[in-house]
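Okay, so chain A shows up in both of these, paired with chain B first and chain C after.
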Partner chain A sequence: MRYLRWLSLPLWVAGLYLALIWVPDERSLGVSYRIFYIHLGMAWTALLALTANFVLSLLVLMRRRGKEETDRFAQATAEVGILMTTATLASGMLWGKVAWGAFWTWDPRLTTTAIMWFLYIGYLLLRQALDDEARRRVYSAVYALIVFVDVPIVYLSVRWWRSIHPVVFTDTGINITPQMFIAVIVFFFATLVLALDLVYLRAFQDRVQQELQRRRARRLGRLGY
Partner chain B sequence: MLKAAVWLFWKDLSLELRGRELLLPAGVFGLIIAMLYGFAFDGGQQVLRPMFPGLLWLGIFFSSFLAVGRAFGVEAEAGQQLLMAPIDRGAIFLSKLALNILLTLVLTAVLTPAFAMLLGAPLPQATWLFLWTLVLGVVGFAAAGSAMGALTAQTRLRELLLPALLLPFTSPLLLGAVSATAALYAKDPGSAGNWLWLMAVFDGIFILVPLLLFEYLTEV
Partner chain C sequence: MTVEKQFLEYIFFAYSAVFILIFLFVTNVWRRTQGLKQQLDAMRDDEDQEGES
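This part shows the complex of A and B:
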């Protein structure tokens, strides 16, 4: 997994080249739309990370073995998911200011993403507030499952409420040229590989932290504390 | 499981009837919200009328939130002795859910007319549909509140954590309840139907899912 990092860098360089130089300007939006490649890649990666968090949380509850390690990855995917969601929101807001004239509109996707962001911030807050490790594992897994079920309902409700976000995939096919599609895909893989690398790095860091705490406790115990 | 749930519900209800520790503060808080709305948005004006559905539901959610958060907190403070009882764990959740539904219904029954009077807005003509809206909105909030209450009961900062988890979570319910109520004021009250369905789905899912998962919470 440590080789992911070396794959991520050329993918990002290629993605940036394709998105910023290779593809032509868009007819009505001009140069501003180029942020869309980063935006879409991050948005998809965020959804994948949070879906992975759901699956891992399910495994934490259902499997008897390896709970500790599964939970570690659940936490890592949630954190990376939040990071990617934040980047999606930030890039979308910048683009919205140029294209729509406002940083924020109450469009279903924006609103749903914002609510989702709050829900997963809640996941981290809950984890932080639980001291007992076994309890933290199970409680945060249960929370993750309930929240994951809530997200489609949030989307449906906000969609009924109102809508202006551009839609890339519709029933009739893809709404972009083949050239743009290539750039989108490359950028998506670049963010995905970066996200995977971050997840493994975070899990590794958590493992190291726990080991250090264990050793420290043992040592203090030997010194008679 | 049902029998145990009824007994537990009865226990909590008699506690509440003796002490009135939840309804009284939550109800007073709701009335204070109505008064603050009047100050903040200049209650003498007609501007509050079109905003009434939103103001009413925010008032109901905020004051209910005080009541539902406590249901599991009581057990956590008692040292979780309830878990030693030889009963199905689901019964504990069901009893707390029933208590929360009852409390929030009573709160809503008091607050809705009070809000209408203080904010100078008439209640919708379609009485039955309005009652359905109130019940579906309140039951959903109580269900989600019970689930989140169970999750936060064992944490440090219980009271601080609950709103951060519960309020974003119930946002589709708030949207549904406000939109349905607003639709009842329109010429065709039937347009509230979709929103009522949405709330019913929310209620069903978040009664069932936490009930299924509650067992896990009691094992650690």
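This part shows the complex of A and C:
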């Protein structure tokens, strides 16, 4: 997995080249449309990371063995999902200022994304608040299953309600030119590979931390505490 | 300032914001992991010495 970051680097360079130089300006939004590529890559990866968090949380509740490792990855995917959602909101707000003249509007897509961000911050706070490992594992998994409801709502919000947010995939097909689509896909894979690397890095950190805590507890036990 | 120049500024801010966020996350996790690994190695060395004595 350590090779992921070396795959991520050329993908990012290619993505940046395609998005900032290769793709021509969009007809109505002009040069400002170039924010779209990084924004979309981050948004799709965030939704995928939080979907992975849902699947892993389900496995934590269903599996009998390997719960600790699954839970570790569930936490890592939530953290990376929050990071990517924050990046999506930050880049989206700047693009919104150019396209709509305001950093924030209470558009369904924006509102549901902000709610999703707060819900997953709550997931991390819940994990922090519980000391007992087994309880933390179960409670946070149940919480993750409940709050995942918002993830498909974020995706479908522009279809369900009237929205000013652009839609890439419509009933009639893809709403962007083939050149734009290539840049979008390259940027998406660059972000996805980076996210996978970050998840593994965060899970590794947690593994080292738990090993350290276990050894400390064993030593204290030997000393009679 | 022309509109195009203003748009370019926003593009710069958007990409910079994303890179700064990722950089902060990576450096934070990386530095903490290195610190924990050092502590773990030190503890393993202590345990080995205790075992020998």
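FYI, the second predicted complex is superposed on the first by the 206 of 225 C-alpha atoms of A that agree within 3 Å, B and C clash if a C-alpha of one lies under 4 Å from a C-alpha of the other, contacts with A are read in each partner's own complex, and residues count from 1 in each chain.
Here is the rule we go by: contacts are C-beta pairs under 8 Å (C-beta built on N, C-alpha and C of every residue); 3 or more make two chains touch, one makes a residue touch a chain.
All of these numbers come straight from a predicted model, not from anything done at the bench.
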item	value
Chain B versus chain C as contact partner of A:V158, first or second or both or neither	first
First (chain B), second (chain C), both or neither touched by A:L212	second
Chain B versus chain C as contact partner of A:V147, first or second or both or neither	first
Touched partner set for A:A129, first chain B, second chain C, both or neither	first
Touched partner set for A:L61, first chain B, second chain C, both or neither	first
Which of chain B and chain C A:L119 touches, first, second, both or neither	first
Contact residues common to both interfaces of chain A (with chain B and with chain C)	none
Chain C-facing residues of chain A, complex	16, 20, 30-32, 34-35, 38-39, 42, 83, 86-87, 90-91, 94-95, 97-98, 194, 198, 201-202, 204-205, 208-209, 211-212, 215-216, 219
Complex interface listing, chain A residues touching chain B	61, 115, 118-119, 121-122, 125-126, 129-132, 134-135, 137-139, 141-143, 145-147, 149-150, 153-154, 156-158, 160-161
Chain B residues within the chain A interface of the complex	147, 151-152, 154-157, 161, 164-165, 168-169, 171-172, 175-176, 179, 194-195, 198, 201-202, 205-206, 209-210, 213, 216-217, 219-220
Chain C residues within the chain A interface of the complex	4, 6-8, 10-11, 13-15, 17-18, 21-22, 25-26, 29-30, 32-33, 36-37, 39-40, 43-44, 47
